[in-house]
């Protein structure tokens, strides 16, 4: 069993830390929000006064933070964690951040002789609670091998995408593609409905044909077609439009950095931003279906 | 066994007619191109002098024609086939045409007391030869039930999309979605590659994640990732860019007719037209990957 | 002075006919809506019982109808006007319709030895009332020369775009470009405002720079920047979103017919359709600015 | 007359510095490229050994650098120019960079009690040589007033866009709009040509109508329509595609920062990147017309 320093106990980080506790590890926890700390403490986490205290003597440090700037602030700088982490400690950053930031922090860690992987996740809060997350990992194979038992305590799929930052790249590529196929699926369904087709019948035809995709399989955006998905629950819960906008921002920033043409992803982002601007930022991203529907006159 | 009048013996219609012959039916064939007729005659088809002669005494008439105007010309008008087809004959049009045209012809047939279904196919020449086509059918259930044994001689999946024209709607919706997910997949792969990822590794990650779709499953657009697909054969064969442009034209014409917003499908169409304009009309549609790649300087 | 048969007396046709009356012509008028006839009759128009009666003995026939199908219905077919119009009569169709329809009707007229031009207008209801319309004309120079004095009674700019249908092509190209620059202008202004700029200051800078365009000159879409435009009057009046959608439909149908790539125009259309679907069809088209603004939370 | 420290003597900076020399100022020059220094020295510029030496005793410091990272490197950091510039010196940065960077550098200058404006230009090399540039200025009015005589020695239009960074915002908004209207104009012209219209006739109609814009006025993208523009010279010279891609990158990064929806600008960027990827990065940006044209088969 390992001693783990866990930084960031929000909607995702909290349940992830709890799963590590349940697996028998000693988990030293830190978050700026007292309430978030209390929830994990109640399950056996050991609160630390500071982030630096949380990582003291840890075999592994895991961070789950909101954005690139938080990761930079926590690890780098004058009193950043890299100054406090022991030389044999493995660092796992599971935040979803810019690939360029992931590479910078990994390089700074490497300069201090520390092993680090980026390991962003997909699967949402449900996956975090259930321990069924997917991890997309960037970094050395040796580091991933060390991390694997802990990742397996929190998730069920682990992909090795490549070197440092590659996990972040894989995640933003996947989510950009997800935004495109969700939007395209909503659009195709609406075109069918506007031509008199039953959305359930059309969904089934396309699912089994060359239009088949993840949305048609498990996350149909048209209300009433598929039980148990956000579309059938007024788009409550699920993966928020605002979070999709965040991930698309990372994808497009990466496209700008590498001078990549991304007409479809960039359009999906603008549609999602416009959708959010209309007041839909805090509902599920499959609600892009609403943008295609006629409002009652 | 039935007597079938089969009009249109091109790359698709020819093998379809041959499969009906092989199933034991009497197939009276007609095409303006002598060579096309000869190929089916060699397998047992019975050439007719005219389209009208081909449909004489037929239990079922099947047509497989290039575009809306051909279907109109063959069935409607002063000496169209509707004037020659017997009242108990079932009509199956497997051409991919505008839903509005399909509805018009079906309505004209209905006025004469004739049963008609639209039954466009997917699966390409390979599916036509192998008898593994997918049929998307619009029309009455009774008519589809009569057609089913013949469709099963030519294909393996039969979907009932709805009333007259619904088969065409389902096909154009599916193919519009296909164009979006193929383009989006090519774009996501290129973004990954431009960020240093291996396209095969990224493909596998997205295939098993929420970016999963038909292209990643069986038709990967990136050269060398998947054996046996057009992308690994210099985009030879497959489903031609020009044919995707045709189908997207039908989808968008239908969007204009119904005042449907189709930002993603319309963009995919414009990208495909620009791609075709650069001289790529006669290669496989997964070659849209080339539009995202940097030409050697 | 001429005898004119004028068919179609709506918001545009009515004032146009009145201007011809005021110029001293004998104007035989017809419309299906009694109220529309009465308004022109009150100014000196001479109501006819039927469209055929309106064109009897006319030197010139002018039509101003809502859409392609109306123009086809009025001129073509068994009892269409082409059967009733005298051989020396000039036909001017000022409806905005599909170029392909304009060419078909002109060809049918030509077969009967009749001269015809397509002469769609821009300038809106204000231009129709004030006699300041712009005409974009397709057809023979000889026909345009005959039409010119009448067009000058209704408008102030007359462009000869080319052969039959060219007037319609010029209009749809212009309006597609207009939709692109209006949308692009709204977007650039919002980007500036979201970065803290004053929209009036930014408008003035771009107007005098390489971003300069008609919208910044006379039709600024940002509320409060320019007095007297729809944007400063809650987008009341002006050129309705629904009419822009109609014109964009004609433009894109023409793009489909000619296999032209139109990524920007197609995207503008989808944005306008989505904007209309949100309940904005009956306000001015510069209201696309609203799509870029954040709704109050 | 002033003593000026001028950093960055490339295609733009070189002629700008020369115009200041010609106006009678003492210009202390620095660039890493010896050849660039020599050209300005030949016109009377006074080479300095280091950037720090160039700004010593200067009344005004002007910089003209390629990108955000160069501006950060020159001004900020341990031995950056802000450490060397006297407290009464005015700083003018004419580089085109990210608004966020401009604000950071201006804030750092302000902390040291230095006045700074961002003053990016438009007008290209021709404008730099001819002293006819347009300056878009962000910063305090007092600072702009001090800068004005120098700006007038280098340009003819000076716009005050707002506070620090506003000059950069105005420039990226303008150039994003420019990319949209150039692309839209090319598209509308191609739609007309594909429908049989003469591009010169259509250009003239749209120029005088609601499609009117800067491209139709002075920079027509269609070959042969307008004499003296890049389109009539095989797209040689002018404003390079690669530079438009750079500016669109800044615009979209700013859109990401402010969560602004920019469907049209983002699409124009992707079209330009794809156009550059096809080998067209080093020709004029009006060459986007080529993307709409059919290649000879």
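Going by the order they are written in, the chains are A, B, C and D; count residues from 1 in each one.
Note that a contact is a pair of C-beta atoms (placed from the backbone, for glycine too) under 8 Å apart; a residue touches a chain by one contact, two chains touch by 3 or more.
Everything quoted here is computed from the prediction, not taken from an experiment.
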{"item": "Shortest path length from chain B to chain D (each step joins two touching chains)", "value": "1"}
{"item": "Angle (degrees, nearest 5) of the CA superposition of chain A onto chain B", "value": "180"}
{"item": "Greatest separation from chain D - chain, by CA centre", "value": "B"}
{"item": "Intercentroid distance (Cα basis), chain D paired with chain C, Å", "value": "39"}
{"item": "Centre distance in Å when chain B and chain C are each reduced to the mean of their C-alpha atoms", "value": "38"}
{"item": "For chain A paired with chain C, centre-to-centre distance based on mean C-alpha positions, whole Å", "value": "50"}
{"item": "Residues of chain C whose C-beta touches two or more other chains", "value": "259-263, 267, 271, 274, 277, 291-292"}
{"item": "Interfacial residue positions of chain C with respect to chain D in the complex", "value": "99, 122, 134, 136, 157, 159-163, 165-166, 169-170, 172-178, 180-181, 183-185, 187-192, 194-198, 201-202, 204-206, 208-214, 217, 219, 251, 254-255, 258-265, 267-268, 271, 291-292"}
{"item": "Chain C partner contacts - residues on chain A that touch it in the complex", "value": "263, 267, 274, 277-279, 291-295, 297"}
{"item": "Chain D to chain A touching residues, read off their complex", "value": "245, 249, 252-253, 256, 259-263, 266-267, 269-271, 273-274, 276-277"}
